[in-house]
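Please see the structure below; I have some questions.
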Amino acid sequence: MANAMLLPVLVSFLVLPFSAMALTQDFCVADLSCSDTPAGYPCKTGVGAGDFYYHGLAAAGNTSNLIKAAVTPAFVGQFPGVNGLGISAARLDIAVGGVVPMHTHPAASELLFVTEGTILAGFISSSSNTVYTKTLYKGDIMVFPQGLLHYQYNGGSSSAVALVAFSGPNPGLQITDYALFANNLPSAVVEKVTFLDDAQVKKLKSVLGGSG
Amino acid sequence: MANAMLLPVLVSFLVLPFSAMALTQDFCVADLSCSDTPAGYPCKTGVGAGDFYYHGLAAAGNTSNLIKAAVTPAFVGQFPGVNGLGISAARLDIAVGGVVPMHTHPAASELLFVTEGTILAGFISSSSNTVYTKTLYKGDIMVFPQGLLHYQYNGGSSSAVALVAFSGPNPGLQITDYALFANNLPSAVVEKVTFLDDAQVKKLKSVLGGSG
Amino acid sequence: MANAMLLPVLVSFLVLPFSAMALTQDFCVADLSCSDTPAGYPCKTGVGAGDFYYHGLAAAGNTSNLIKAAVTPAFVGQFPGVNGLGISAARLDIAVGGVVPMHTHPAASELLFVTEGTILAGFISSSSNTVYTKTLYKGDIMVFPQGLLHYQYNGGSSSAVALVAFSGPNPGLQITDYALFANNLPSAVVEKVTFLDDAQVKKLKSVLGGSG
Amino acid sequence: MANAMLLPVLVSFLVLPFSAMALTQDFCVADLSCSDTPAGYPCKTGVGAGDFYYHGLAAAGNTSNLIKAAVTPAFVGQFPGVNGLGISAARLDIAVGGVVPMHTHPAASELLFVTEGTILAGFISSSSNTVYTKTLYKGDIMVFPQGLLHYQYNGGSSSAVALVAFSGPNPGLQITDYALFANNLPSAVVEKVTFLDDAQVKKLKSVLGGSG
Amino acid sequence: MANAMLLPVLVSFLVLPFSAMALTQDFCVADLSCSDTPAGYPCKTGVGAGDFYYHGLAAAGNTSNLIKAAVTPAFVGQFPGVNGLGISAARLDIAVGGVVPMHTHPAASELLFVTEGTILAGFISSSSNTVYTKTLYKGDIMVFPQGLLHYQYNGGSSSAVALVAFSGPNPGLQITDYALFANNLPSAVVEKVTFLDDAQVKKLKSVLGGSG
Amino acid sequence: MANAMLLPVLVSFLVLPFSAMALTQDFCVADLSCSDTPAGYPCKTGVGAGDFYYHGLAAAGNTSNLIKAAVTPAFVGQFPGVNGLGISAARLDIAVGGVVPMHTHPAASELLFVTEGTILAGFISSSSNTVYTKTLYKGDIMVFPQGLLHYQYNGGSSSAVALVAFSGPNPGLQITDYALFANNLPSAVVEKVTFLDDAQVKKLKSVLGGSG
């Protein structure tokens, strides 16, 4: 009875401030059909629970390739719910003998959890070119500071899997070899700015589909 | 006479750099007809002095409700001039016996000025569940750190009024009771994640208009 | 009885994660005895409720001076609890005929609430030197974007009071007249960079205690 | 031979700029013996690979408690290498029937990967108290926006494990029940600010070790 | 031969992750036809090398004006490639006897490189009105903190040139004299908020094209 | 006479608020004797005009080395006045045939002004490995987004000089060749993560002083 009496007054309290605050931003699921901005995508309307959920990391990536490894991203482009939230994810599958080649993430730090197998990982500081390297087993985590060169490879005798989190929704991924050899940057320029030999540059350009 | 001579040259100086800088952003009054972004709304055009002014906090909120209190917001949704400026405001009216229930602002710290009456206020730290509480009189201020549970209630024998500022244009307001009881979250789930008794949960769901 | 049984297990749950998280930062009350950093002061230890409370804005500032106005700050230097929280406050008292002279806050936007009297306030945009001005009555609020020149003066026939919030803990206050005339910047330089007449500069230097 | 000739010149190039840049900050491993600052801890000296590695999430947490769950943090206090990098981690172990009670992280968004079992998870928006809930299986991820109430519980018939990443090095963890009942906040105040019945409040205060 | 074998597998590796990451944001060249946001302009599509290049600072600005100086901006409005990158530029040309009048940049710090001639520069702190001034010769640099009043003038017997960088893409430029005198702010208000004499205000209003 | 009367009142106004605001932070010149923090160094006391000035870029760097180039930094370590201000600088000297090898700045975007000669510069996007390259003449500027690989070399027949600004006080400099070859990262690992041939790796390790 008391409840019945309380109902109308409380609900009127409930309704008034909340209609007034209808534009509050708890989250901003990306509307990928809009142009991006420096702070992320505009917010889509009609958000549901599915926008905060992603199934795409559940299956192993296909490691039947030269590097015997696969990176499956859950960045804002795949998982729009992370837009504006300062975080994103990826899955690493590395077959025996596989490697995630030397690379950087220009826009985020990375935190790696090993969930299967053994991963050898390292990063290199800019100030002194110091190498920081660890052998990681199931359950171990390692952090790679933003923008620094790092790599991972399978250091064991079975497949390795890692879940990776990034400190931003759109970390980027610049693989050194692809940046150097998988485009039309002329061989002479590559050689000039890397000191690599001409034969080496041309070989890798050929392998990675570069021209020039 | 000297002035007359100076005029043409100075004005030409005036005009040239300023036309070149026509896109400078001193402020970004929200165009609420556009989609929000993680950094706030796109800027409207045709801004005037009225965009930086808000009258909506001048009148007392209606405290004729169960909690005997009213929160009148001046967030970006009500006061578009604060968009992008890292600040917003609200007015609290608390009748004798009234209370602003336990709540958080997910996206801003709060600074409260008491302008009339006596307010008992407190917040609770996350690390140790420590309660920080004060009795505030006219002229006193208190700060509530971002995201922490806090509450205010009238601790005196006359109406209390407070002006509140937030460290962001869209602080959000999550009232614990409304989050728990004023929606369709099933009672069994509420009980599981709060340890509250079934009768208690059902009573408050009924009062606050929740279902399930 | 059930409760008695639950007690030991729950408390052990309580104790373990919380000792592990003892370094969580809910807030960072300034230790003003340490050097500041670009993000604010180091955090003091031994925090209590009093650290989040400030009484210094309760009393009117002394307006018995030339400008017939007083600014009473509650910045991090006076109110260490706001350190790191992105907000601070001040009180403005403006007697009849009084003025807060043209000034900027280099490090914060300002939100002004009028609590007594009538205040005429304005700010000037940088892109086009446009003046945005309003007459503010009790209960009105106005926002002044970061870094832009603005002023307030009593526009009524009784004392005016305003509470002011800033979007940072240490907004700074650069009063144009003091910056130009209350130091040892040589008059010849002031004249060169402001186009003011020599007599005008020397008069104001004399009034405001400047030299050179 | 050519190499022998290049060596001295290149090394001199190498040495000069790098000694000049000895203070470059690639990372800032926390010196936990210093006071924290609003941006994190001061950087320790003598950093090694071990500073970027953490083993503490490899073992399951002890779920022999009332909630049948354990949260094992790898925040800056446990894993100083994440200081300043905008990321941290935790491990969730939830036995059958276990639950991570309703809580918020005041200072970070959360991204959850299920690595074993089935987890039912949900969060509640502030603007409309909308519940966003999903059943998550091995390999699924879900994101919980900063500062919003959320919960997880085991929704299956075997133990569940999740790895959790946060968008900051020190996310905080405010469990609603502990904030309300596990301290000395007087029962009368709790009841006033939550609308809970006196018996309910006293029961949970007793269970959770609160007083008053 | 080995290369020929590697080609198909590597390319398939190459293609898959990169199509998946097509929305990665390495940069966000401003689409100036869209509305600005608090974090900058939406990103344009169809970016080329020319978007990261600007020729507009190559030629000297026209100093045939009263102040014998010219500021040529390369802010986001002129150089859309800096959008979202936290940097922009300008060129200063100051003829003998010329001056860049007292001004602030509300939204950025400034770093000045002298490339020709001699520049006398100074800024004024807000806390104590202290003047920090230096005579700068070719090759010298000086930094001016965000939002503080500063000025530059030619201190030599030949033209001076400086390149200026800002810590944001849209620093703004508020010249004190223009803000005070080059608009319709009534003389009586200017006098009230600056303590300048009526004759002085009217003279400069006349020179700078102000009214009122 | 009027001035003499105004003096005491105004000065009292002047003194009171400014003593109260003695801790305002207009700038935070680095105290390099303290530990760094994630937001920069603690602020030194006893600041003078010299702290905002740096002469170290006035002289050409020594290009008598293999790369025929020199990078002279004015980062926070060399120029403590930029601490906390979001900006820093460097000078590039590139002799005929000289090159600044492929590198990244992990913590800042770069804006380059050519002041002498001709520079060919380029950067590579992460999303598609696209090369953005320009030939820059005296007076041209180019911007290189944070964290992306880029290079510069002398494209003319005389020495080239560039002034460079960064969007942060401590941008870092990671030269790909030094990161790969100038440390003790084992050759086998380098080969695995770069696909370079063993002979190539060993040759560059020898040239650049690496071991393993």
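Brief remarks on what is shown
By written order: A, B, C, D, E and F. Residues from 1 in each chain.
Heads up, the rule we're going with is that a residue touches a chain if its C-beta (ideal position, glycine included) is under 8 Å from a C-beta of that chain, and two chains touch if they have at least 3 such contacts.
Model, not experiment: these values are computed from the prediction.
In terms of the stated touch criterion, the partners common to chain B and chain C are D, E, listed by label.
Between chain B and chain D, two chains of identical sequence, the interface residue sets overlap for the most part, with shared numbers making up over half of the total. Taking the CA centroid of chain E as reference, the farthest chain centroid is that of D.
Distance between chain centres (mean CA atoms), chain E to chain F: 19 Å. Taking the mean of the C-alpha atoms as each chain's centre, chain D and chain F sit 34 Å apart.
Looking at chain C, one finds that residues 21-24, 26, 34, 37-39, 106-107, 122, 126-127, 129, 133, 145-146, 148, 172-173, 178, 182, 203, 207 touch two or more other chains. Here, these are the chain pairs in contact: A-B, A-D, A-E, A-F, B-C, B-D, B-E, C-D, C-E, C-F, D-F, E-F.
Chain contact summary for the complex, chain B toward chain C: residues 18, 21-24, 26-27, 48-50, 52-55, 57-59, 74, 79, 81-82, 85-89, 108-111, 113, 115, 122-123, 125-129, 132-134, 136-146, 148, 163, 165-168.
Interface residues of chain C facing chain E in the complex, by the touch rule stated above, are 99-102, 104-107, 120, 122, 124, 126-127, 129-131, 133, 145-149, 151, 153, 172-174, 176-180, 182-185, 189, 192-197, 200, 203-204, 207.
Touching chain B in their complex are the following residues of chain E: 32, 34-39, 62, 64-67, 70-73, 75-78, 106-107, 170, 172-173, 178, 182, 203, 206-209.
Put simply, chain F touches chain C in their complex at residues 3, 6-7, 9-14, 16-17, 20-26, 28, 31, 34, 37-45, 83-84.
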